[in-house]
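Right after this note come the structures.
In what follows, chain A forms one complex with chain B and a second complex with chain C.
After this line comes the complex of A and B, so read on.
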């Protein structure tokens, strides 16, 4: 016991060097985690003294709050759609660039696909807001030109189209980050494997199916986990485009949490939404990780 | 020549599909830049075409509106970047080079932050900042950014520092170098490119923050570019003044796009190494 203490005293500089970071982390990360969980059991406006309500916030949210049920439905649709997109379309783009013989042009294409990532995301959202503008927007103007003006509408103001407009945002959905992750995976496959495949007559789509995809499963699962996390807690896009409207038809849990905390002053209730999202994320990540391990072992 | 032709024949279909995809992906931005040079009247009767002449006044108007926000974002991003880089390189060095009781537990504690979604901690962190009386100051942004922005850099730098040959440090020690000299004169200079990568990623993250400044900064003179652009947007699209609006968007996007065109190599290297480690 004494030697451990001596060791700690001897290495005190290590702890001192880590101290500034951990002080910051304690104040702005660790404490808020516990505070969020603690506050989720209280009815609290953030100013007066909190009132303990047990599991009432959760019961209210899961069984009785119609806005939360709409949010849950919307986020399920959005997440399933975005995750499916994330693991297919950027992979197709990466395969296209990867299969080009001319390396110089492939390099240029890669740079072009990365540009959307470095345009500030807010600029991207605001430009898309203009795309959907009912009077002047790009989409309605385009429909008029190709003779489909009957389809023109206020895309973000119409109950029947708003959610689809949000799904369509970013078309053709080649996320730079997922694209780069897939491309890195493909470029990391040893050329010997491709040579061997070629000799065995495995080419084209067969090669992609039997060689490329099994060898980039690691990357695919990374994209799966990250895109699920992003999609489930994301709400900036909806906040900027529709504020959850019209009505509450495009409300999502993240935005509902924000509104509860900063418009309705329901801090405890907002924390409960956060805890529910956190639990779902933990569960999904756990399932993902378990699945990754088992599928890699089976190879 | 024959080889070139064969190459082209093989690539042709790919070129067509990729060009179409790139064009559609980038078209909103192309439209934004083209429209930023048109007067509002011209946008109405010449919607898709090139501008008949360049209306530079759009940029003067837009710059007057967005430059204060722009400056705020640069101040906050640079201070955050310096803070993150300083702290995370020291932490990573300690984790990579020393053995001390509790090291594993401390590192796991650190990594556990990867599992904490920002949405869970948003409200309590706001209350912390409010109770520390930091609302409506740059520190309300900078301090939490420095805290949360360190996880990935420490993770990346630690594995880089561990990969440096131990003999280098031992030789320096024999020559009488102190541990801080080893860090400043050996470890840091050898990690220039990875440090650069890490700083770029951090810079871009700070640049894109929207929700946090929205709740912690309510004074317009402290708004970062993201929040400022939304204010600017609602004013100018309300009055349908499109030319200056698109000029404002272009001003907000251009410096970052140019910075990254020159440094793309480092940025892609960072993502690639991350993707392969996974």
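After this line comes the complex of A and C, so read on.
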């Protein structure tokens, strides 16, 4: 202990330089989490004195709130779909680009996949809103052109299609970030390994299955964690496109939290939704870290 | 003196000089105004009509008179619910010195101490109005009355934008189909059937995004259907007259009492009648109306695809000047429900939807006082509300008539909306402002499910009743002074 203290004193300048980062991290990242946990035990409108209600918010939320049940079902479907998409489609795109031998063409494709990253997400969402517009939308127009008018509908106004319309958002689902992470992982594999695999006759899909995927499992794990967090917390797209409707057919916990906090002024209740989301994410991240191991970690 | 001490001294000196400079630069007092609809901006290439700019002119004039004041205009972020934005600002104490909020929301939050009471200032003279003894004298009484807090004394909001609603119709389609402006609900439904038969979409009705059109319609229908029950709901004998202030004939407290007594009940077939009529009407709306927002409905109308839409005075200027419009348009008021359409109808005319609820419901948050800018904010508000300033500003926006006694120079196109208020506005309202926001949200979600045949009328009403009772109980908890038992 003494030696640790001596070490800190000795390198005090370095620690002092780190201090502002930690202070800011605590104020803006950790404090809100602890504050949310604390406030989740209160009935609080954000302004007047909070009233302690124990576990009431959680009991109400888990056992008595029908909107939360629908939200939980919706977010489960959305998360499973989005995570599956996140770890497959960008990987396929990365493999395709990685296997282009002409460096110039590979560079062009890489740029094309990354450019959408700079388009503001709001613009993207408004484009999709237009695509789904029942009267002027691209999708219905396209269906009419190809003679499938019977399939035309109000994609965001029909209870039976809204959630699927939300799932389809962002098609062809090649997230620039996930794509770059997978591509970086592939580029990091030593060429010697590929040469050895080639000599052993491991090529094509077999190479992807037995060489590429095991060696980029670290990246896949990262994408898995981040996409799960994104999917579970995400609500902006739904807020812009449907506001959780029609009815509650596209309501998700993030949007429900937002509505409770800023629309219904039920801060304590909103905090309890946040705490539950946080706990689920923590658990999923723990499971991911503990049970999914990359090749380096296995060694 | 060592070198490091010299360096530190120089740095401290620089900061000291910069500090003095910043003090002299900061001499001007900044008044930020959330100007909302009046927010001035340049016309963009995508605009189809001129945006408001008049506040820039007033700003310049005012800053010439008061060189120590810097007026800045802001507005809620694009795409964000303005009221949610304002709530976060009020909660965080970061609200601009002047903002805008609907009287019902202000009254809902009044007990939180968020607003400055404007009542004492209204008794003082407005120096920008000639011979004015009391500022309040320049406003129509309806403005003062609407802005009055539930305690009957305080005035936390100064609502001065008179608005109203009307059904806008495409005269060309009406002529082609051979139908006339309807006076009763039966005629209204009949002409829509004919218009539909002729291959047009009768009505553009937005049911996605903001919930105004459904609320306007239901408030109006409910007022006619429950006409015979109003006195019972209010808990008095005789009749309950309409006033010019929304839902003021029956107060929130009286509504909650009526809910608790079961007098105002969703299980009552008379109450349910409004939902039945609303759904009957929905047969004539555009396909996929649950996914169409107000902008989408407007586009359907302006492009000549639908024969009618339900809009407020705020759309007069756009419709007048929109280059997309290739037809003549007209206005008519919401039709009267008669015995032909419902056994509960008494034949009373449709109530107006509107009042002093249009653009320009000014509030001063209490944080303005904490910042020492209250007098400056009041003075700027006095300046802009002077008739010679406010009337041209309102004309420039073209969305709401100012609730000022002076009428000289007022845009004539806004007159039908002001006139609509003569019928009085709806007396009771539970869907939107009458109870809690949470109830309003739940109600709308259930209504959407009912319209989409996901719920029967009975199922929908059972669910609404549960939510309504929850809301009534929440209000009883929040207002112990009412003395109503749960």
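The rule is simple: the second predicted complex is superposed on the first by the 261 of 299 C-alpha atoms of A that agree within 3 Å, B and C clash if a C-alpha of one lies under 4 Å from a C-alpha of the other, contacts with A are read in each partner's own complex, and residues count from 1 in each chain.
Everything that follows uses one rule, which is that contacts are C-beta pairs under 8 Å (C-beta built on N, C-alpha and C of every residue); 3 or more make two chains touch, one makes a residue touch a chain.
Remember, it's a predicted structure, so these values are computed and weren't measured experimentally.
Peer 1: What does the overlay on chain A give for chain B and chain C, a clash or a fit?
Peer 2: Superposition check on chain A flags a clash between chain B and chain C.
Peer 1: Looking at A:6, would you say it contacts chain B, chain C, both, or neither? Reply first, second, both or neither.
Peer 2: neither
Peer 1: Please indicate which partner A:128 is in contact with in the superposed arrangement: first for chain B, second for chain C, both, or neither.
Peer 2: Once the two structures are laid over each other on A, A:128 reaches chain B alone.
Peer 1: May I ask you to name which of chain B and chain C touches more residues of chain A?
Peer 2: Greater contact footprint in residues on chain A: B.
Peer 1: Is A:113 touching the first partner chain B, the second partner chain C, both, or neither of them?
Peer 2: first
Peer 1: Name the contact category of A:281: first (chain B only), second (chain C only), both, or neither.
Peer 2: After superposition on chain A, A:281 lies in contact with chain B alone.
Peer 1: What is the contact status of A:195 with respect to chain B (first) and chain C (second): first, second, both, or neither?
Peer 2: In the superposition, A:195 touches no partner, neither chain B nor chain C.
Peer 1: Based on the superposed arrangement, let me know which partner A:240 touches: chain B (first), chain C (second), both, or neither?
Peer 2: In the superposition, A:240 touches chain B and chain C alike.
Peer 1: Just chain B (first), just chain C (second), both, or neither: which does A:259 touch?
Peer 2: second
Peer 1: Could you tell me which of 59-67, 77-85 or 113-121 in chain B overlaps chain C after superposing the two complexes on chain A?
Peer 2: Clashing stretch: 59-67.
Peer 1: Same chain A residues contacting chain B and chain C, which ones?
Peer 2: Touching chain B and chain C on chain A: residues 46, 122, 133, 135-136, 240, 262.
Peer 1: Would you pull the chain C residues touching chain A in the complex into a rising list?
Peer 2: So the residues of chain C touching chain A come out as 79, 81, 84, 87-88, 90-91, 111-112, 114, 207-209, 286-292, 296, 299-300, 305, 436-438, 441, 445-446, 448-449, 452, 454.
Peer 1: Write out the stretch or stretches of chain B touching chain A in their complex.
Peer 2: Residue positions touching the partner: 7-8, 10-11, 14-15, 17-18, 21-22, 24-26, 28-29, 31-32, 43-44, 47-48, 87-88, 90-91, 94, 98, 100-101, 103, 106, 110, 113, 115-128, 143-144, 146-148, 150, 154, 179, 204, 207-208, 210-211, 215, 225-226, 229-230, 233, 237, 240, 242, 249, 252-253, 256-257, 259-261, 264, 267-268, 271-272, 275-276, 278.
Peer 1: What residues of chain A sit close enough to touch chain B in their complex?
Peer 2: Residues 4, 7-8, 11, 13-15, 17-18, 20-22, 24-25, 27-29, 31-33, 35-36, 39, 46, 93, 96-97, 99-102, 105, 109-116, 118-124, 126-131, 133, 135-136, 138, 141, 145, 171-172, 174, 177, 180-181, 184-185, 188, 218-219, 221-222, 229, 233, 236, 239-240, 254, 257-258, 261-262, 267, 270-271, 274-275, 277-278, 281-282, 285 of chain A touch chain B in their complex.
Peer 1: Would you pull the chain A residues touching chain C in the complex into a rising list?
Peer 2: Checking each residue of chain A against chain C gives 45-48, 122, 132-136, 153-159, 162, 240, 242-243, 245-248, 259, 262-266.
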